[in-house]
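Each of the two complexes below includes chain A, the first together with chain B, the second together with chain C.
Showing the complex of A and B:
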């Protein structure tokens, strides 16, 4: 039998076995993450048809759910695991050629731990277990942000560490309060009992938990760490932080809001917060001259869009929001990977240094352009159907307020288009001054870019490929009673 | 002249030598009786780690690293974690991850409770080695920054002189 627990256990085990492999041969170490995520991706794909019929509930140690820790591999969990494994695999291939300096063994070990933690967060059905996996994810990302070891890296890692640690403490206090109220940590059990408590005594832990998770999810007032951390990490890590880590944070927020608390009265607040996050992120991105800071602020904007979509809370909107998560992972992953080699070849993070890159690195520039167009939401690329679904869901709500908000969202998209097209213009329509030697990224760097581009194109042209999974994931989030029933029986 | 690497005074060294064995013994006791008394792999591991930290504080870096080097610490760290995962994987014998598949025995015996003592030993290894490793990393990292500045200055002063000589 294929067991979803292997999705967490195999990367975790390989992470700890990696230094032992390193004793045998230093050269095989960097291939271990690739192997781990090929396994994970295959397993997640294999699980999808099963979980579409019924969610798989894994009992750890043979204890039935309210008593033991359990994993819930529903459509949401498996969708996210597949996404994590895909991005993890491609970025691991990219890192084969990209990571050449520093303590490489520790890089690959922390990388495996980060993604094992992320997979754990999306699969677990126990809120304390969620906290533990969340800490694994955060602590490995603090260390990876400082990987280069220069002044900027260490400074931003410490900023990230302080804000992340404050967030984690909020999360822990919130979980403690919930445990004090209900005497259980199982998410389905909590969800079942939440209505029996007075609303104010539940409200305090909810605010604490959402604030704590919101730091990692980069929701507006809590995201000061993100631009520094994402811009000073190695590009492969930026891709993972932007494509996976903050999305996992957002998953946790959504899971807690929808499944545990069923907090329908909070959604209006989150819709405003989402639009605010979107506009601030996009406007800050527009003002940047540094490519990686621009991409980092653009991630904040995208998170705002997804929060807004989730807060509409209809099945269309949730499908759109989840689709936007997928398209953001693909698009932003691709953008950071391509930007990594453009920075490497031009020796600068300034956008103006990329003049004439369209001739110097044609394939990389083309991939960057496709990623940018997809994020903006131009058709044949995957960003188009996902944004379209969100707009359609907001209009289908038929309320003045949501129509106004979606207008603001579209304004944000226009700003997004402006700064991405500016970069594309620099790439293709400015003459290179000085060095114009034609040299593209190495093969190990090009393969993941090509695969990302393929996914972006295929999903953009045939959104039906993923729409079934997304629909049932949306209904898992929307119908909390079914979640409770599938876990507690 | 005492160098900073040589540790503390004779009083500290003598007391440390006396106490060290008891600290390690107590830590191992806490780990082994984890399934019967309060404590377990984590607290026991911390106590064992403090024993080695005491060794380093009183006798200095060189002697402590000879007894328990940082490579050995990181290896034991990983082996502990792997052993824990292997115990968890062996649970698949009965169909569940982490299943307690060994006979539980009589309660309150030292050899009882199935896989729990094994997991405790694995965690004890992991925690003691990794906490000691963290201490060593902080201690050596701190040294490297201070020492690096000194040697860095020396080189910076030396290099221009060399290059001038080459020019001349």
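Showing the complex of A and C:
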């Protein structure tokens, strides 16, 4: 039996050891994240078969829950860890050639910290521990947003920091209130005792926690930091922020709502909120001429879709929502990575600067197109089965309200299609003005793109590959009693 | 022969053509032609077979199924033959363009996905192939750059709207019946409530009406037809647009069945009546708009919208006669519109892409085969006896009159009258009249363009003189929907009110031709004179000054142009503008001022707590 704690310990340890490696040789530093996430990805895959049978509960320091801090490597945790490791690995490979300037050592260290924090959030079974890992994630991402060091980067990092700090304070207050009420921080224990308290005294900490986490999860109207931060960060970091960071935030919201509070009566509200987030995100993306801001707003839209799916709260819907998380990581990660090199070559983030890219960077443009098609939900790419499941789940409710909501969701898809296809047209069907030298991204940039494309295609054509994990992850979220039993015994 | 093999040939042909184009470009064109012709030949062997087999199990536990029957075969045969002819036509047409590998890939992909659509035995594969068709078509429509980009955007946005609507429809079927297998659904769905059936019809109807360009959902079509490469127009106008017709047949007659589908709805607002009236409006409006066009491809595009209305009129009333008319008209229209586009394409190829009717003229002597093609094409389009269009229009008129819909029949007639006018304008402006100086040296179309035109011209005559050949197949389709069999012979069709016998007409026409020929033979010999002589009675006139094809139908134009504009198209453009404004407005919410952002967060929290304290909602 391998210990899931290694999933957190290895990147965290390597992050702190990284400056020491830097003393030995400056060149090996950038390979350390690659090694760390190869290890993590292999470990997560290795854990999946065990976890599908039964969740692994790790007691830190030998204290049984609810007294000590514990890790719960259930299907959800391992699914997210695998996803984080995969995206982390690919983006780390991309960064080998992409990050050439600035304090590189610090970049790689913060990168490892960010993803270690993210892995910690999804694996922990203790709500205060969740807060700690969440802060590791957030603080390293504030720093990374400002990595380029230009005015826009620093400005948006500060904005992100302020909003993030407000969110974190709410989160901490909420956790404090809960601790005061129940005298425990263990999530399973909290979940068990939550019914014993009066509804309003539980409600206040719940909304505090949800608001706090919602800032990172990019739920409307808490998401104003996102477009700035995602567009001024280096593209490799944008890929991680969009593909991993906000999804981890969303995971935390879902975990709190489903497992700790079992707040089924709030789901309708979240369904509306999800649709609203989706429509606003997609409409703002439609109005953008800056590629990275467009992608950032599109992430808001996707988060809205996932919130909507989760709020339907049937097993189909959760499977679909989790699948959409996976497909969003793959699609948006790919899009940011390809956009990174296109921006690098054209020297501008304006979409109009990409005219004729289809000729100048054929493979990169093709990868961008596939990512865009997948996000819109066209077959045979991975976005199709995930959207398929969500729409099906909404219609299976057989309520007119949900039919209307899914209609609005799909209206969002139409807008999404409009702005993505517009970019595809610019790439392929506009003549390059000026420089039309053919030069694709370097190999270290192309490899992650190709791997992303391969995943998008394989999962799109053969979704059975992941559906089993997704199903059991969905049932873990849906059945809080089983979660409690598996942790507390 | 299995259906999987057919689709592998179709999709494999597309991918291999692309690869060959990259590796050794010389064999790409022959390969594309051979693979598409081989596909058509293989398809012919599938005649009369009925089979069904799942081919893939990996999609979310839903087996993907391929099946064939007469309906599928009929469409597949037309798709593969017209596809092969378009590929042959493309040989010279796209030779000197850039990105030809991409062009062939998308062309063959669009063809292959259409085959997938008609052979799909369940809605998932139907939808998957439908989407592949949509995006490959989008990429091809945008191929010409410039104005084509706008046309492509219009197409893909409307296409996504259609797909989304279809997705909701099909997944509600899945949610209720737990299956997407078409054969199973066709047993289960007919017992559903009327309200649900209407819901289904509306959702699927939007998708198929967009594809079939039924008004008011036609706005993508004229620009898409006009701006896409003319060699692709054959595929686009022939069968791709008519996937909407296939869809209508599928949802109305296969899934729901005639017994429930007809007369569904309250009073006069029955589903099929509304459909028929939309078809009639489509015919009238688009015919008049076609009259106003001076662009050859726009004219054909508007004409195609109108002809789609005839098909809808045919199938809307659920009689065996009408159904036969509707389906036969789909085939006939495909044949002659492809021929007409090829004729325009040949002219464009030789005149440097000219498609403005006012600038062309007199090409009859320079490009005789293209002229014959255009002439037979418009004859079919108008529905002159002994061409294929006559038979299907006859069937449709007959149905409308027998079912007691004189107004609809009148609308169809108006469409035909208008059609005569714009068809004449079309053939006159390109081939008759004076040949402009700059086109004096225009050469004939290359053989790769002439061959498909000759084949299609012959098909028009063949189906016009011996309509029984396709009608027997169509009759089998009708009986498979549960209608009574028609009395079809090779040269005609009998109905309770009169019999159509094309052989008699043929004999009469031949006799008349012989008599006319004899009279001319007996008269004095004709003396050829210069064109200017007949016009100016021998007086000297400057040659370029009397080209009278400009402002053709001017009085008519002045009369109808205020009323028959593409109002809906204009509305869609406005809608796009409004959407843009709304989007920009909403974006202003992100002010860039951090104080506001923090306020949003605090307000959100405060609102939640306030609502709970006040109303205890949660």
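In the analysis below, the second predicted complex is superposed on the first by the 489 of 489 C-alpha atoms of A that agree within 3 Å, B and C clash if a C-alpha of one lies under 4 Å from a C-alpha of the other, contacts with A are read in each partner's own complex, and residues count from 1 in each chain.
Just so we're on the same page, a residue touches a chain if its C-beta (ideal position, glycine included) is under 8 Å from a C-beta of that chain, and two chains touch if they have at least 3 such contacts.
Please read these numbers as outputs of a predicted model, since none were measured by experiment.
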item: Touched partner set for A:204, first chain B, second chain C, both or neither; value: second
item: Partner chain(s) touched by A:43 [first = chain B, second = chain C, both, neither]; value: neither
item: Touch count on chain A, higher of chain B and chain C; value: C
item: Chain B versus chain C as contact partner of A:61, first or second or both or neither; value: first
item: Chain B versus chain C as contact partner of A:237, first or second or both or neither; value: neither
item: Partner chain in contact with A:265 - chain B first, chain C second, else both or neither; value: second
item: Partner chain(s) touched by A:275 [first = chain B, second = chain C, both, neither]; value: neither
item: Chain B versus chain C as contact partner of A:3, first or second or both or neither; value: first
item: On chain A, the residue positions that both chain B and chain C contact, one per complex; value: none
item: Chain C-facing residues of chain A, complex; value: 158-159, 162-163, 166-167, 170, 199-200, 203-204, 207-208, 211, 214-215, 221-222, 224-225, 227-228, 263, 265-266, 269, 280, 283-284, 286-288, 373, 376, 378-380, 384-385, 388-389, 391-392, 395-396, 398, 403, 406-407, 410-411, 413-415, 417-418, 421-422, 424-425, 428-431, 461-464, 467
item: Touching residues on chain B, where the partner in the complex is chain A; value: 74-75, 78-79, 81-82, 85, 88-89, 91-92, 94-100
item: Touching residues on chain C, where the partner in the complex is chain A; value: 58-61, 127-128, 131-132, 134-135, 138-139, 142-143, 145, 148-149, 152-153, 156-157, 160-161, 164, 167-168, 171-172, 174-176, 579-580, 582-584, 586-587, 589-590, 592, 594, 596-598, 600-605, 608-609, 612-613, 616-618
item: Chain B contact footprint on chain A (complex, rising order); value: 3, 5, 9, 12-13, 16-20, 23, 58-62
